[in-house]
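First the structure, in the form of structure tokens, and then the observations on it.
Every chain is named by a letter (A, B, C, D, E and F) in the order it is written, and numbering of its residues begins at 1.
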Amino acid sequence: MIENQIWLDKIVRMALEEDLGAGDLTSDAIVDPQIRGRAVLEAREQMVLAGLPVFKRVFRLLSSGIEFECYFADGRPVPAGEKICTLSGSLSAILKAERTALNFMQRMSGIATLTREYVDKAGSGKTRILDTRKTAPGLRLLDKYAVRMGGGFNHRLGLSDGILIKDNHIAAVGSIDRAVALARENAPHTIKIEVEVENLTGVEEAITAGADVILLDNMTPDEIIKAVDLADGRVTIEASGGINLDNIREIAQTGVDLISVGALTHSARAVDISLEVIP
Amino acid sequence: MIENQIWLDKIVRMALEEDLGAGDLTSDAIVDPQIRGRAVLEAREQMVLAGLPVFKRVFRLLSSGIEFECYFADGRPVPAGEKICTLSGSLSAILKAERTALNFMQRMSGIATLTREYVDKAGSGKTRILDTRKTAPGLRLLDKYAVRMGGGFNHRLGLSDGILIKDNHIAAVGSIDRAVALARENAPHTIKIEVEVENLTGVEEAITAGADVILLDNMTPDEIIKAVDLADGRVTIEASGGINLDNIREIAQTGVDLISVGALTHSARAVDISLEVIP
Amino acid sequence: MIENQIWLDKIVRMALEEDLGAGDLTSDAIVDPQIRGRAVLEAREQMVLAGLPVFKRVFRLLSSGIEFECYFADGRPVPAGEKICTLSGSLSAILKAERTALNFMQRMSGIATLTREYVDKAGSGKTRILDTRKTAPGLRLLDKYAVRMGGGFNHRLGLSDGILIKDNHIAAVGSIDRAVALARENAPHTIKIEVEVENLTGVEEAITAGADVILLDNMTPDEIIKAVDLADGRVTIEASGGINLDNIREIAQTGVDLISVGALTHSARAVDISLEVIP
Amino acid sequence: MIENQIWLDKIVRMALEEDLGAGDLTSDAIVDPQIRGRAVLEAREQMVLAGLPVFKRVFRLLSSGIEFECYFADGRPVPAGEKICTLSGSLSAILKAERTALNFMQRMSGIATLTREYVDKAGSGKTRILDTRKTAPGLRLLDKYAVRMGGGFNHRLGLSDGILIKDNHIAAVGSIDRAVALARENAPHTIKIEVEVENLTGVEEAITAGADVILLDNMTPDEIIKAVDLADGRVTIEASGGINLDNIREIAQTGVDLISVGALTHSARAVDISLEVIP
Amino acid sequence: MIENQIWLDKIVRMALEEDLGAGDLTSDAIVDPQIRGRAVLEAREQMVLAGLPVFKRVFRLLSSGIEFECYFADGRPVPAGEKICTLSGSLSAILKAERTALNFMQRMSGIATLTREYVDKAGSGKTRILDTRKTAPGLRLLDKYAVRMGGGFNHRLGLSDGILIKDNHIAAVGSIDRAVALARENAPHTIKIEVEVENLTGVEEAITAGADVILLDNMTPDEIIKAVDLADGRVTIEASGGINLDNIREIAQTGVDLISVGALTHSARAVDISLEVIP
Amino acid sequence: MIENQIWLDKIVRMALEEDLGAGDLTSDAIVDPQIRGRAVLEAREQMVLAGLPVFKRVFRLLSSGIEFECYFADGRPVPAGEKICTLSGSLSAILKAERTALNFMQRMSGIATLTREYVDKAGSGKTRILDTRKTAPGLRLLDKYAVRMGGGFNHRLGLSDGILIKDNHIAAVGSIDRAVALARENAPHTIKIEVEVENLTGVEEAITAGADVILLDNMTPDEIIKAVDLADGRVTIEASGGINLDNIREIAQTGVDLISVGALTHSARAVDISLEVIP
């Protein structure tokens, strides 16, 4: 659905303006605008693909006549060395759009690939791997789309579509109970109330206060198991903080419902994808 | 100077809109807007700081009355556990701006820190470490600022403020000589002409063609040494491709003028910085 | 909190541009820009006030030196004939901003006043009066703020911060059960799942499917009572459709949790507020 | 001509962004994007239609392939129960655009319908029914278009395309005569000069001063008749203030040229229009 | 009043972005941001000043601390060699803003100076010198402000605040009479109806049709005198086409009310103004 | 390539909004939107054409169905009286777009025509004629495109894609040597370093400091000859200041590499181009 989003063209246009500025001095000086060309998009390492609609849109905004033939869809694994797409159209436009298009796709596929690693490591249980709001400013919707393509799930998009009561909120009103009551009083009925706690006492208080979801911040696997027991299916339990590829399986095996990982979006490296013009 | 940039408010505003949306459901429900608070920004690991003016601007756009006392400046190393700043002002505004401000600063300091690692590894010779155009879409100017804060230098900002003739440009007109001649004929006299080559023959052709800078793509240290010899100070030599923390010293020791590293901006991980409200 | 919203200046600026265009031909021709003036904002009928921060911002964007003394706050009832504020500053700026500022405040206070009527008619029970997405395009956040000022509550802001499964969604997949399962599978865990049904069979299916909220579309008070019984506190029940000032008390007395009323925002009339310059 | 307006897409895009945000959680979770659907737009009450080009544009911006077959044009009366259009195309896009498209059309048709009531009540004389600047912020051009579709006429669009000298302008320079002279001296020759007066003395002064149009503010039918006599065809006379469906005929029968009614745009209720997907 | 215009910052910001791009490479590299400086703005030739508020705004947007002391106001003649203002503040900001600020002021003062020449040549009669819509795209409001500063008057700002029926409009409906009738029927009552004619027959037809203003296109002084006679004070007469500094006095002496001159805005040369930093 | 620029639509849209505002009162009142028409674009004087892609885009944005047949390309000389294009399509759209389209093309062709005069006067030697940053705010990219169409070359686009060290920069650090060193240290390696000097001592210092380009400000032909001798092909020499059509040949014959002329863009008059509807 990303193709039909009102916001997509804005992001792509902004990125093209940033890179193109007044124009491409090199291509404008050297490449006859009449020349047509073909290029191959290729995975230089194994990856989960994400960003194809964005990638295409970059080229199309510069030259509506560029055509694509693609062999993989977003969310699919691509082995190293495989062709992802072939492009054909104005050579000059292909050269101008190349870097911007790859910057989107390499970042997004990097996030999808890392998410898939976490998901696979977590194992086949019911635990969902979630992203956070720790995304690159301006790119949140693309970062979160990439997480979904990697098999992860999205936490709230921003501050206005979810309630997450943290320590500072609790401190401001004195107790979890009071904070949850205020949230319930003021927030739309469409939104669940999630409370972040740091220990099992917090879990109990949050359950008593009527939280819908409890986020366990930086708790040990043992504590998490106890929290899951306390919850007993009445509230959703999310684990977060200090979770990495090494310990995610252990966390998942606690039976926790959700595990959120900031690194998915703030520290994924770009995967290696090349675009080569076919001579 | 970043404080006075016309573009800074645009980026910060976009990021705040992305995260805040219609408002912060949680803080608006729970935190009395009259309450004032204080918070500490702290480095949770060793890092090179970058992004302080952006960080401050995020808070100030939400509440002009927030005050900062900072103990480090952009570009300075911060040891793990050190306080970077203390903030005081509207607690509600601090809570709302926190994540957006940290997203900027953790990314930028991550880039600065990684750049500093590369610079230090490269050693104290004359070789400059450069960024590339492989930046997060929309954040290029911040990414490149962070590279400078880490001791690196900027390559061209985009396609309109530098000329870099690549294989596809050369292929389009048949020879390096012809490509350079066209660039010289059409480009502003204020811009140098750089040519990317893959072997020593290319280096010779580029020198003959009158290139100002030659980019050696994925060449071995031995080849780079020969290229530097061929250049003999008449043209600037840049090495790129496949360069990492393990081999950068060897590359730098070839006497090459410039080494550009895409990873500085496309694969830096966020450094760990916390903002804690003081009870 | 509306004062600190990033979006507020955008809306106010857009409205000023729309009315001012290239400038105020009349005031620019006649009123010496040095003249200062005072004006009184007065309620010409009884109302619930809403929009004061927007009202002030309109004037301040034209002339930062305009000062206000206000005697009522948003959400408060204002008797007919009472002064709401006095303004002082550049007379020319006051005249230019007047209509735009009043257009905001008369609409917003109109919505707050109508909402208050519905809330009062509904009685003092637990039932909340909600708005809908039937708002003036571009003004949703202000319309919904006005509803809150009138004692109402907000339904979801838009399509991305709430799930409401309607007949067409159900038809697309064949059953309420399947629709709810898909929503649960794909939607963020922070969002509740609401299902719109037209009869008691629907209510039962929705409960079985695990809906968090059930919207009863155009059902009679008798049916609503039965639905509330079926729900038995396990799911939240919302009534909607054909509800007006005449029947809202009867609906509220069914014990339903929520009543949503499109008319609050799509058919509120502007209340009468005047701004008179003091000679 | 509204279809070709440069500003139309801006308004429609803003409205879609406001409602869609990051996407439609419900439809994206449930409705397969491949499914095509058909829907019927139907008048649930008698109305004068306005907003068809805006309505269509909302859908087309989300999915250019949506097709429309329409049976009424803007400005035409539609009996209750009549089909206005049928739509076909992507079901998902139809569901996403529905509310936004209806919000525009219900408001605009509401304004057109109310305007038509006023026009019909005023009778078949020469008197024109005018709108005012009391429109929803951001929607002025659509509100005024709707007035035209209802058989009304537009007053000035904003402060820069008409001159209307009010009491405060007069007070600032001491006399109607001086105010008109200043306006004539400074304003473009393309713009008529209108003066608002509150009594017959004002009418005489305005005529003497050379006003092109005189606005009678809140004057009685008897006074209006005298003002029309005084004008004797040399100046255009507009009545305004306190005019409603009950007294407009009496006002019109005074022979006044223009009657302006703020309620047309600030207090029109939305008319009832439904969009039903055809199973 | 130009200082308070909502549109002013938009134009200034756009111009600064255009020139500054990512930053000022030269000043950022060389000038310590702490250094303060003073500069003198000086007229290098005799001119009528226009653009001071725009000039100041350019600097202030880069550095709010820059202070100005000015010795002339917009609309005043400045002899060659006179100081216009002195500035003091951040030297770096002064250097960055200089060119953009001068580009505005040299263009605007050039227009004001040329307008003053036309006005002076036309003589002291009642004839007004008008601009046209032949302005630089994006700068119309500034161009027209500059005309006023030079003693000229503004014709309509654009297509939506004036009616000018030209030959093509007349051809489309067959006669002046029909065109005027349609305009009267559809246009707001606040706008005068102007008809462009090419000969005396046209003048007669336009008067008969009830035009408020008649534009004589490219008519000789003798014809213009006859047209003025025909009008006999009942309609305003505007002359246009082929009017220059050599023939404007003759045209003005025909007694025509208005003379419009495209060259004021489309062909004014920039006047010479320097900004010198005081050592 | 100008056709594919991301920025083109922005400029054209801004210009159309500026002129059209809420709509074309005249054409909307008089011209049936169904009528189709044809029009001829004709050169009323000899000129070098520039702006055709912009001209077309103006019409196409209003009505995508307008078709063009053109007989000249940008950069070509057009004799007085020659047809440039014929247009056909919606008459109403043609009338609405006419003035905006001509405003672009008359300015751009005016710049191209003046540039060609300078280029021709300069003679057939190697000297390039350059523009400056003295362009109309907002139109720099179009102004500079027009210069290229007239046979000129572009100097830097703005402050971020070229280094030009002026007297104030030098004064800030004490010497040319220091200023050049700082520029070299901080600026990207892709950018040449140009130094502005006022006498031959400056030329020597700049050469010694390692400048790539030297701008001779307001120097006499004799001094320029000496500067060229001093440079001896090692640095590029640019002359600027006080250069006009009378003295450019003498300056060019000094052997200087570049001559920059502010008048090309700040003082070119609009050329006369007409658009006539074919009856």
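Observations, loosely collected:
By definition in this document, a residue touches a chain if its C-beta (ideal position, glycine included) is under 8 Å from a C-beta of that chain, and two chains touch if they have at least 3 such contacts.
None of the values given here were measured: they were computed from a predicted structure.
Looking at A-D alongside C-D, one finds more C-beta pairs in contact between the chains of C-D.
Annotation: 33 Å between the Cα-based centres of chain B and chain F. We define each chain's centre as the mean of its Cα atoms; on that basis chain C and chain E are separated by 45 Å. The mean-CA centres of chain C and chain F are about 52 angstrom from one another, to the nearest whole unit. Counting partner chains per residue, chain F shows two or more touched chains at residues 20-23, 28, 141, 157, 160-164, 188, 191. Taken together, the touching pairs give a contact graph of some other shape, not a line, ring, star or complete one. Only residues 11, 14-15, 18-32, 35, 37, 91, 95-96, 99-100, 102-104, 106-107, 110, 133-141, 157-169, 171-173, 179, 182-183, 185-188, 191, 262-263, 266-267, 269-270, 277, 279 of chain F touch chain E when the two sit together in their complex. The touching residues of chain B, counted against chain E in their complex, run 1, 4-7, 141, 144, 157, 161. Chain F contributes residues 128, 130, 153-157, 160-164, 188-192, 194, 213, 236, 238, 257-258 to its touches with chain B in the complex. On the side of chain E, the complex with chain B involves touching residues 13, 16-17, 20-23, 28, 33, 61-63, 92-93.
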